[in-house]
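One chain, subunit A, appears in both complexes that follow, with subunit B as partner in the first and subunit C in the second.
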Partner chain A sequence: MWIARLVLVVLLATPGAAWSGLPDPPLGTGEHADAWRPDPMHEYWDPATFHRPETGRMAGIFAGKECLECHAVITPGIVKDWQASRHATTGTPVLCPACHGEDHQKLIFPTPQTCGTCHPERLAQMEEEKKYGFPSHALAMERVVDAKHFADKPKAEVASCLQCHSVASKCDSCHTRHRFDPAEARRPEACLPCHSGPPHPDDESFFASVHGQKYLQEGKNWDWNRKLAPGNYPAPTCAYCHMRNGNHQVADKAVWKFGIREINPRTAENTIKRKRWQETCADCHPSGVAEGFFAALDAERKASWNLLYPVEALLKKLRSQGLLRPSARERPPYPMDLMARLLPRERIGFFEGQASAFYNVSAIERDYFELWYFNSLAAYKGMAHQAGGYAKSMHEKMEEAARAIEAQARALTEQGAKPLDLTPIWMEGEYTRFNREHN
Partner chain B sequence: MKWLRWSAALLLIAAIAGMLLNRDTLDATRLEMWVRDWGWMGKPAFVGIYALATLLFLPGSLLTLTAGALFGPWLGGLLSLLGATLGASLSFLIARHLAGAWVTEKAGEKLTRLLNGVDAEGWRFVAFTRLVPIFPFNLLNYALGLTRIRFLPYALTSLICMIPGGMAYAWLGHAGRAATTGDVEAIRAGLWGLGLLTLALLLPRWIKHSRKTILILCLCAAPPALAEEPCEHCHAPLLPSWQQSRHHQTDVQCQACHGTRHTGEMAAHARRNESCISCHINENNSYKTSKHGVITTLEAERMDFTLPLTGGNLRAPTCAYCHLHQNAHASLQDQTAPCRDCHSPRFVTTWMESGARNRAIGEMKYREAMELLATLPDRPPFQEATLRLRESLRHHLKNLTLGVGHQSPDELWWHGQAALDGDLLRVKSLRGALERADQTP
Partner chain C sequence: MTAVTHRVIPIQPDAGKPAPRHIRRLMPVNQQRSLAGRYAGWVKMLSWLAFAWAFAGWLNDTWFYQFNTPLWLNRYTEYALILIFGLWRIWAEKNPYTRKRLLLLVGNVAVLWWAIPWLFPFIEPHVGYLAGLPAFPALHTPGTITFFLVLAAVFLFGRRVICGWNCPCVAIREVVGFPFRHNDHVPRGTWPWRLRHLKWLWFALYLGAMWAVTRPANNTTTAFLGFFGLMVGLPYFITFLLTPWIGNRGYCRFLCPYGATFGLLNQVGMFRIDHDAKTCIECGLCVKVCDMNIPVWQMGKSAGGRVKTTECMGCGRCITECPTQSLAFHDVRNTIFPRLDQNRPFLRARNDWSRPLVRLRAAGYLLVLGITLAGAWYYSAQVGTLNELPARMGALCGLPVLSW
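Showing the complex of A and B:
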């Protein structure tokens, strides 16, 4: 009998042992999940999917007070932060286990769902955002992992993308831990780490506007503990308009959205959205002012697209003449893009999916990409934030860039197509090889 | 006997000069170790060292601070006072016996009248010079020996009038904060008050008696008021750390960060980002666009910069909090120590390793591009484009490094990796253009 038991134990224990310890890092997520593996840092940006609790260092079940005793020594900064937060000063304090769990071997990294147990209204608002599509805080993680260049590039390189796109998977992007202070999240600077840089200079364009200038001069004296409601602030800031009345759904007024394609601002849906803008502006301005802003913005966008389309057409012409070198055959394709392998083709413009043209394209394609993705979007943000001067200077840059691209295209046309083998340049090289081998 | 006096005087001057040249060797830590090693003999030994130091022009304040730290405020103060009085008496007697007669002999009519004026004031003159902190202690001891003030009143007045200053420094040393706070200034202010009080009590009498005395006082006070006390005399413990820093290599002195005004705010002043940014402006964007930087922008006014740079004392890490963690004045041995004041060791390690990989990838782009650029010829248009692209690559790699270090997604990606991608493909396109040009007959 005991032999049968022993056999049974051995049979059960062997696969059991194979399962023990930390599991292998899972494959990626999203559309190209099979094509990439996450960088270890990914677990902190998307904890719900990738976080593995640490085993081995500390074991035990701890109530809140015990956590604080140790962590006041080990990580004093976060304890001081928490002690100054409303979580600590409220009637029944929200102690560590409320968000992290009690078992030190199974610690939880809080997600919006964790915060939503006490703040369900905010979570619901954020979830509701998804119905408006991209761009969106709630869909930001989906956006990044579905991008082909994210799946293609070495994961340590694109870990920086996740730093911002993790706004979908945790609340402390704006409410920094462990203070979680709404007063901090209401300040425009709270948005700035992500809403900065060439394709979305929301910081520069807002600070260049009259609203932004007023904030820079007086903002530090305003009472930021007040709600984002009419009459509470002398000038609007990012959150005042985009999260009016503290609504954590930021997409229901987005008309031109990211700005990477031309849209019709007069559709029924956009008319409804603009009504919401009118209400927001009416907190301070008489009716009619908002309409003036819309007209100016639409005119700016029209002018941008009138400049962009001919350049796009020029590039397509070069492509048809075989003058775009390297051609799509001469450079590494995205590994998971079967169509690109079977029918390689240079993608130009939004509708052909050029949105990923950061690398591995010819200089003229990148120049067009920067004109469209950097300069034009900056002009858009300038006008949308009522920073007319900023928008104007961006349009000057666009003109200059467009002329430079035209000159480059002329030179290429004059030289004409040549039977050259460029693959050694574009397929080889230290980074190029590393990039191909590491997804 | 005359030659004996001369050689004694020369010996003394040589000893003083020697000590002045090597005064860096005396620091509080070393002194503390000596005294501890001597056990119960430490206390009398300390009085002896103090007396000798007084003779040799070494800073008394440093010794008193150390005594306070070693023996406690009361005993430390007492021993210091004994040492100081002993030293002051020795200096006084040495000056009187070596040169006193000579001065009287050689003094002209004017100088004799001056000396007579001082003699008439007697202990009151001594009291005043001891209480006002601008008169240099060590020099004064010798100088007073040259007058005809009697020894006993001199020694007693010195002992009594040095009590407030001595006890205050000893207390400060006991509190152990002299090196990092500006409290020395508070003591100096207190002493000034006492000195002015004495002046108010004695001045009417002096004006009646002798205007010469006031002239002498002014003469005595003028040189030290002009001279700046070097920081390291009191802040010696910080010196070795600073000497290991890159600031030392590039001759960035204390005042560059701490300012020149000893107002009690010197440490706090240097801990604010503003004092770093005036030189490190290129590093500022990467910090300002990080979450740490944002919190500092918003909360700097509410942060207590008088607290030491450790233990999560600031809501967010500032420049100094990480780079001068625990008030170190040199680069950190353990770069992750400041992170761990708030973040778990595992998070810190994961982040650091991921950042290092990120930067290594940037370096690959840089090397790949640089190797291709090296194959381009030194002729237009390649020459000019090569120079421009090299500069651009260096700049963007630097941005990437700063973006990784300061955790700025803007700097790391848009001004780092994405910009390097652009540089690399432009280099490749330039290389392709060369091939086309070579093929053209």
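Showing the complex of A and C:
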């Protein structure tokens, strides 16, 4: 009998579902694909998903040199770049249709997969990064579009995220179009547009090191057309170590990553990664030198966590005393953050997700965020790039910040937190409401 | 035909005499047997400290990261303790079949769970690692084959394939937790038996984790897997310390999601315990020796001679202790060899070293472990960065001819 019922349910359910109307395909991508829709720039950031070819003019099939006849006049810059590239000067030139297609009504924006048809090993190396998890170039796009605040905030306010995070879907983040010059991508400047500023102080910390100083002094005279191989460069720069021998897999040696969570440097995985670092250092230094750097880095990290944990505990104590004002209850949560609406709670530290809670918080929380994320990260990057002096100055900054937070906490405990009149600044208002409705 | 008359012997209390005090006879430390004995306080303390040490090793490796300590504190501490206590336990064990099981259990843990991961570290792919990448078959193919072979083996031979013979969780509870097998420590009876269903909650979490690893990495999947890891890891180690109150098998009985998976296969697969109600004298020894607290003979009697339960992890204590040979394992071998009877003498003879076949099997086992170790040594030098992988893809899949 139950089999008959089951069959009946299956038979009725299928046409029933079709009749009731299946949901429309989501406009965005990622976990919250339904909650946002792309703006026009998205066809640049994620062409595979969002590029819609321009139709309505210039119908026709154009092969090879025909493209150049018009584009040399309309867009002379990209043609000149292409003419200077190896694509143009190689035996059989790689012409426009190879990447963009021939049909002007169905032009495509190249993706890494397009480049991978001729450079499969580079594409495979980049894709391989996914094996190592977050953060990585290859998973950078997911990291943005899966963030609740990305889907939730007005697109105008998250437009800049994708400028860097689109590295997952664009080879021309580093090899700018249409020159696609390896020499350009080998220089540190190729990394700096994204790897700079508080969340990735790679520029400051590297340039403070001996390697970095040597590059700043002499780098303009180096021949960047040479491969990233031992003996070709007087000092290593970003790509030499992190993309050893031109390996486009940049995550294979990343141990501490963003440094916002204390990790075990002796897991099986990290043991292998450190071995790879040792091999990299051994290109120039006696083998074993890296050991000393690892010991220094481990000591630096331990010192940082010894400083950070008490401050984190202090903030949690303030939270339990209700001294973090405005409290999570008083702050307007992101509309999509259901948990934050049901159980408003100030998120402190890595495991509570403070890394994504740096807006819309109380002053002392923000101070701790900068100490824990930005200053600690800078100290670790400094030590990892062998810029000991930079690391030391960052530690002094951390101690200063910790003292300031302690003083602030003492004042809060003694005087009590003042209730604030929260005039909605950016979470409410005409502009925000309009954007949210048209998101 | 004479009527059988039962003589009634009335039990009369010895009025006036004090009731005899219960004599607490302790088991010597060089003796262990299926029916759990009481052990001296210092043995229990030693065992509990070893549990605490293993827990501290895990905590240090996941939380404290204090490596400049004189104590050996990492995730392998547990396996080292299994080896040390295991040797003691094998030496002391009086049941020949259990002794053989412990030999294999400790050997497997020492080689497959300790030596190979420790000596030959390997990068495990992150959750959501997508298919179609050059390095993926290197790990995916052997992993998939192993996964399904294990499930098939559990289907054919029962849950004991993993739980009984190749599980570090069972191993530490058997060899370090042996003083806590006695009824002084093990909750038995109806309610503890009902509590076995608690593990299905963890099984549901496990199903969620299986779903999450098939998804691309995102906030939800990574957070869920972290939560799952804690939900399994913390009870696993906290039950170490609770052993004196929940028995040495508390985790396996009530909480283990993997045991639940294998238990399901136990239920639908070919494994069962045959029970002969005609010869059974209902002495209850099978229940008393069972660490999983399975009411063996009652189930056999009520289910027509077939004990089929998700709980049985195949230690074979009930069978090898049954005084009337009323119990026997039943698995795929009985289908192939209909006259086979895996009863008490059969199982006990599995550890009779005067038999050439037993020696041959032992040699084969050592050969397999040796080949596995050698393979790990070979591949640990092969698997490196991706630059090396495309060229070695074929070799890593186990097909050297595909190398180019």
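The definition used in the following text is that the second predicted complex is superposed on the first by the 389 of 439 C-alpha atoms of A that agree within 3 Å, B and C clash if a C-alpha of one lies under 4 Å from a C-alpha of the other, contacts with A are read in each partner's own complex, and residues count from 1 in each chain.
Convention: contacts are C-beta pairs under 8 Å (C-beta built on N, C-alpha and C of every residue); 3 or more make two chains touch, one makes a residue touch a chain.
Small disclaimer: the values here were computed from a predicted structure and weren't measured.
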Note to self: Just to be sure I read the superposition right, which of the two partners does A:Lys316 touch: subunit B = first, subunit C = second, or both, or neither?
What the structure shows: neither
Check: Is A:Arg347 contacted by the first partner subunit B, the second partner subunit C, both or neither?
Finding: neither
Notebook entry, point to check: Should A:Glu269 be classified as contacting the first partner (subunit B), the second (subunit C), both, or neither?
Noted result: second
Next item on the list: Applying the touch criterion given at the start, work out whether A:Asn360 contacts subunit B, subunit C, both or neither, answering first, second, both or neither.
Entry: first
Notebook entry, point to check: Of the partners subunit B and subunit C, which touch A:Lys257 in the superposed model: first, second, both, neither?
Noted result: neither
Check: Given the touch rule stated above, what does A:Lys397 touch, subunit B (first), subunit C (second), both, or neither?
Finding: neither
Notebook entry, point to check: When both complexes are superposed, which of subunit B and subunit C contacts more residues belonging to subunit A?
Noted result: B
Margin query: Applying the document's definition of touch, where does A:Glu128 land relative to subunit B and subunit C: first, second, both, or neither?
Written below: second
Check: Tell me, which parts of subunit A touch subunit C in their complex?
Finding: 30-31, 121, 124-125, 127-128, 130-134, 139, 142, 146-147, 245, 247, 249, 252, 262-269, 271-273, 276, 302
Notebook entry, point to check: Which bits of subunit B are touching subunit A when the two form their complex?
Noted result: 289-291, 293-295, 297-299, 301, 311-313, 315, 340-344, 346-347, 350-351, 353-354, 357-358, 360-362, 364-365, 367-368, 371-372, 403, 407-410, 412-418, 421-422, 424-426, 428-432, 435-436, 439-440
Checklist line | Touching residues on subunit A, where the partner in the complex is subunit B | finding: 39-41, 43-44, 54, 57, 74-81, 154, 156-157, 159-161, 163-164, 176, 179, 184, 187, 189-190, 192-194, 196-199, 220, 325-326, 358-364, 366, 370, 415, 418, 420, 422, 425-426, 429-432, 434
Notebook entry, point to check: Which subunit C residues qualify as touching subunit A in the complex?
Noted result: 61-62, 65, 67, 74, 117, 121-130, 133-135, 216-220, 222, 385-387, 390
